[in-house]
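Structures follow.
In the two assemblies presented below, chain A is common to both, partnered first by chain B and then by chain C.
Presenting the complex of A and B:
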């Protein structure tokens, strides 16, 4: 790739900028604790500030219209609003700038409510001085802002779903319902995942197998959903909204390659069940099984009659909870969430097969939240016995001389007495662990948390998006959860895909890293520090320099401090902007009342 | 430093927060009206791994008495090794501070999550007190 040196654009002198500053009362949320008039007056003579005014509610429709009028009438080329957190209204005021014909990235929001008035309600002078600094700092950033434009791409009206479990299949139907073609890629020869293996589930008692069959019946009737089994996502190129993905179909006669254009990717690859070590709670002994193994045993038992294991009748069962979960530092520290309720539900199924089977639940804490509390109650009502053990005194399992297994536990709720339970079967209530899928992680650049599950951008506000634009995560690949919660996340990913793709185009934030070609010495050091591989070497003006692909750069700025010659800037957070903003923060001093009598410029 | 506090006044602290994780935590401290010194200023950036040591030094040289990096810790959605990268930035900054005769105690880093309202307010109060003690000790020594 070769680029020519572009002609230098004449840049306006920062002090010649025409910036409007609006300080919001937020009713009284700000002005009750901050002298907003003093703030306004302190900004009047700030270089580049043309309008400095206060507003009762800056976000109101009327004020937004007034701002647009002022921007047009006074030829403003920068806007600062001092109000609430940018999380609430940054988009609002960027849109105000846009509607007025101003570059939206010449807008800066000063967070003076959550980070000033509300935090310093008993220090009006201090809060006022702080706000002056915050607003001056925002003005400094705006003064040095570049004209930036979002990167716009046409979007493909098709989504790829990776994983054909209950979450992926339901998401595919949701995508088709909303008008997006869906392609499901499932690594296994059969769809269905864990749910497709199991029988009755809480609360409807519908079989997992039947639920998967029902989804597949719907999918077969749809021409806008394609399901590939024994298939893997093997390549990804292009950008958000218009990825080209390669799919390898493993067929009897060899592999077949397929190429598809997709706008978004929903990753629903599920989980693996915790596999206990040999000897962990007796695992490996005859009669000690994991929860999935036990569920298969129940599913193959007659509806009413006998429960058998290896041809032997089962007359008593001990469940040991939290196996592979809540392990403490160095292990799986998380709670797997589904396993208490799954074990309780399994005990109710056992009760239906043969009510005379004695069942003992050895637990640390029972987490039967919401409606699951009902099945917990039902289980106790049906005769299950619950024994609580201490975190540091787990039960032990041994073979009894006369046959069968002995489980020794100290029951905290009955005078902390040690009890030895002779049982036929021990069920280790195993939790979820992240599925090993390094090739997919490397391919999609999926962010992985310390627990090994995929990371969303924000657990509450952006729960299914990842930092990789257009790549969503749903279900148990993100965290342990129930099937119902997984499907909810899958449908959230559907809604997010629609929000991204249905407009027909997508825009990416232009706040990305940028290399100064004059400073770059072509060392290539920055290439290895970008996990998104957004930096490449190009030939520029007869020499090798680094270059950032703005369509794949995530705007983290991680490369910025690692450049030995300061050749990288993050747009919106350039070196000049940061230094100037720091200087303005510290320079603030609240004007005395005598000084603060000037009329505002507006 | 030009902005060394007057005796008894609260030290000026600059907090570098992260837009997705620690800044919402600082917002939450305000929403819950958890008070901390008004001399604490916050500057959000996308990720603490993008902070240049020269910015941290610049803040201290321009008059801030302390700089606090409210990092994402293990929750960073951009970089899996964010905590290590940020620690490296802190270490490099402290080297530069030592060369300039600025005490290392004027720079602190801690992971602040999106709901870490109380820890943040506590960090600010404690850091402010530590900086006061540092200035008091320096006055005695001089």
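Presenting the complex of A and C:
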């Protein structure tokens, strides 16, 4: 890890800074409610301000070029844009500074749209006064800005994949192919997960077992993949790009510990199948099975012949959909997504084994989306009958006096007639539930949603990253989905790992806490509040002081106010900067152009 | 109340020639396009659904089965090519078989061999019976069987078959009434009920069965529309009235004989009247039936795409009855004073087929003559009830 460049000790006099101030009209969003000219004029004579100007759209390409030209021509060393929220354009204008050769951390955005013009649409004078205060405050903060540089450190060219199902195995191959070493940790004694248990699975007739075997063959061909079975991730230290993980191998004759450096972690721990309660749709009765149990029954049946359950021939089957999914408030509210198609596909397999088996599908909505619609059509064509029940009128299952099971359902498509279907087998089309994995969640600080599945940062734009840098999620640990979609997510995590690690180094924002070793008295109080465990005690100049690891510090500032001796500063938001900014904001000084503010706010 | 379904209904229906209705996804286009479906009679979607789910009783005893005239528009518009029109026809065949507890109809519909054997036996029995009525000396034998026995067997078969018809019809009417919620009280309980019942009767028998009003007006657009001279409602109308006329002519002719009208009166008055009615009726029926045959042979419209054995048998028997009748009539005008022996044989064939046609009614496509008016009565009753409710 390369050390951050020390801030220049001999700072220029703040009054001598050369700061450019740009006040944005935002096409009227600001200028309609704020006298932007008055703001500009108020800033012209501010100490350290070299340029003060207004722009129709500061973020437009043309204006960005003008800014770059101005920074270069006038030798600006600070930039303030009074516009929208920094959420929107902080990066934009930091890049402007960067392109002009100015330190990007000498840029400050004054949010005068959300905080002034939009908020005070009926008080032009008051809004204008407030904007002047906000911009002055930003200028004050910029005057005291230090030159900061992103933190850069080397990355380990290896990824850890947690979970050896179809997603994890395929991701491992992807990692190896992209030039990263892959280590797969599988808790079970065998790899393969759910797919490894099953035969044919939609959308094809290809066997899940065969697909896992083919992945394992490919893995054996690659030197850069190591697969550990009966293994668990038990410890994690370090930061993204450079984690040190501990793996426990459960072996005959005791556990073995293993320590590894990895750059990223791909979590592909999969799902659990919903386990119905006793009596839920007759579960527990002889002849009532879940979807995975039924799939195993199909897998063990002859290719063509008779389907039998516990020695009895199966002449008719009723599938009850949405078991454990879409349960409404308090239950699993989500749709498990794969199960409609899986049940439909299973019924087609049953048709192949014995076309004379009568199959009833009791559903709420069929969600055989995309190309799976064709499977739905094929199953109807093959003789499956679909009965739609209302959400509030689920079917019931009971034993029939003459033997077999009776499924009672009110079919909305038969004029809501209540019918009893005499069947030999009832298949509960069970959905997915999050796997119980508390130790892993605690260890990796994985963000868990209210549904129990892991959360990504952004469902569209950052679909496999978590808020923990370098920890990716893929497959059904994130949400119910199909095998194909899980593998896609796994490969996305591969690409994302490569994006993080392949450069060989990683950069972090330098906006982190910094401890002045001279001031620190080593009380250790700051250690107790750091949520990222970034602060440690070190030996310095013969005494114990606190030290911040800049690679794990998030710059939250939680430690700053706790320090009794003011030894901690948050770079980019130093005490001096913030104090100056606040003073400027609350200063009673009248605006320089008094006519601009016609009705001062009392 | 929950009904136990019959999981094998579809398989059973396939034995009666049901089209592949698995394709149906219950969109209801067929019901929407049907010119005869309304709030008092929803079909065909409902019937396909009943078959898919396996509700046999409802399929068999619902009045709507018989309110369909199979124009074929539903089949033309079905997005899934499930052929609802042909399914309705199959369901009627199935209903005829299901309602017939003797099992004869089922055997005839599901096995061509059984159909042929039973038809032939029927012709022999009825032919034998008539041969024994006419001019048969008691001591003559056919294959060693005395004519008296044949006469007796014929009589018993006739009575049995007629009884079966009555029982089937009564059961169908009772089941449909139950399904429709019609009781003795709702039929005859009040003056208003009487009015409703009589109006429904008139609508079912007069307006629709004899007048063919909706067949003519609502099912006019067969796909594709045929020229008027061969349009289905017209040829059906001519067949129906032709048959009725022939039936009337027969009754007049033999009726006079039975009640003992003097031969001179019969010769000079009754016979010419019967002959005129019979000739016109025969021509009308032959015209209609011939076109029916041609339409089906040419598969001229959606309604004529599929012709089952029972359709051909029904048309064939009607046509043979007409043809033999005409030949006999022509033979009467031949120079010989007395009928030729071949004419006598032909007469027996004519009578046997005609008898079989009528008496086998509960087993064949002819059953629609007994079930349809009953269904139309319940349909009209439902309409009357709703009208009264609305005006109340």
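Following the convention adopted for this analysis, the second predicted complex is superposed on the first by the 377 of 602 C-alpha atoms of A that agree within 3 Å, B and C clash if a C-alpha of one lies under 4 Å from a C-alpha of the other, contacts with A are read in each partner's own complex, and residues count from 1 in each chain.
The rule is short, and it goes like this: a residue touches a chain if its C-beta (ideal position, glycine included) is under 8 Å from a C-beta of that chain, and two chains touch if they have at least 3 such contacts.
Keep in mind the model is a prediction, meaning the values are calculated, not measured.
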When the two structures are overlaid on chain A, which partner does A:408 contact: first (chain B), second (chain C), both, or neither?
second
Identify which of chain B and chain C touches the larger number of residues of chain A.
B
If you stack the two complexes on chain A, which partner ends up touching A:57: first (chain B), second (chain C), both, or neither?
neither
One more residue to check, A:417. First (chain B), second (chain C), both or neither?
second
Classify the contacts of A:387 with the two partner chains as first (chain B alone), second (chain C alone), both, or neither.
second
Identify the partner contact of A:570: answer first if only chain B is touched, second if only chain C is, both if each is, neither if none is.
first
After the superposition on A, what does A:358 contact: first (chain B), second (chain C), both or neither?
second
First (chain B), second (chain C), both or neither: which does A:455 touch?
first
Of all residues in chain B, those that touch chain A in their complex
3, 10, 12, 14, 20-21, 23-24, 26-31, 33-47, 49-55, 58-59, 62-64, 74-75, 77-80, 82, 85, 89, 114, 121
In the complex, the residues of chain A that touch chain C are 315-316, 356, 358, 380-387, 406, 408, 411, 413-415, 417-423
Please output the residues of chain A touching chain B within their complex, sorted ascending.
85-87, 111, 113-123, 126-127, 129-130, 133-134, 137, 447-450, 455-461, 466-467, 511, 531, 554-561, 566, 570, 573, 575, 578-579, 581-583, 585-586
Report the residues of chain C in contact with chain A in the complex, numbered from low to high.
1-5, 7-8, 10-11, 20, 22-26, 46, 49-50, 52-55
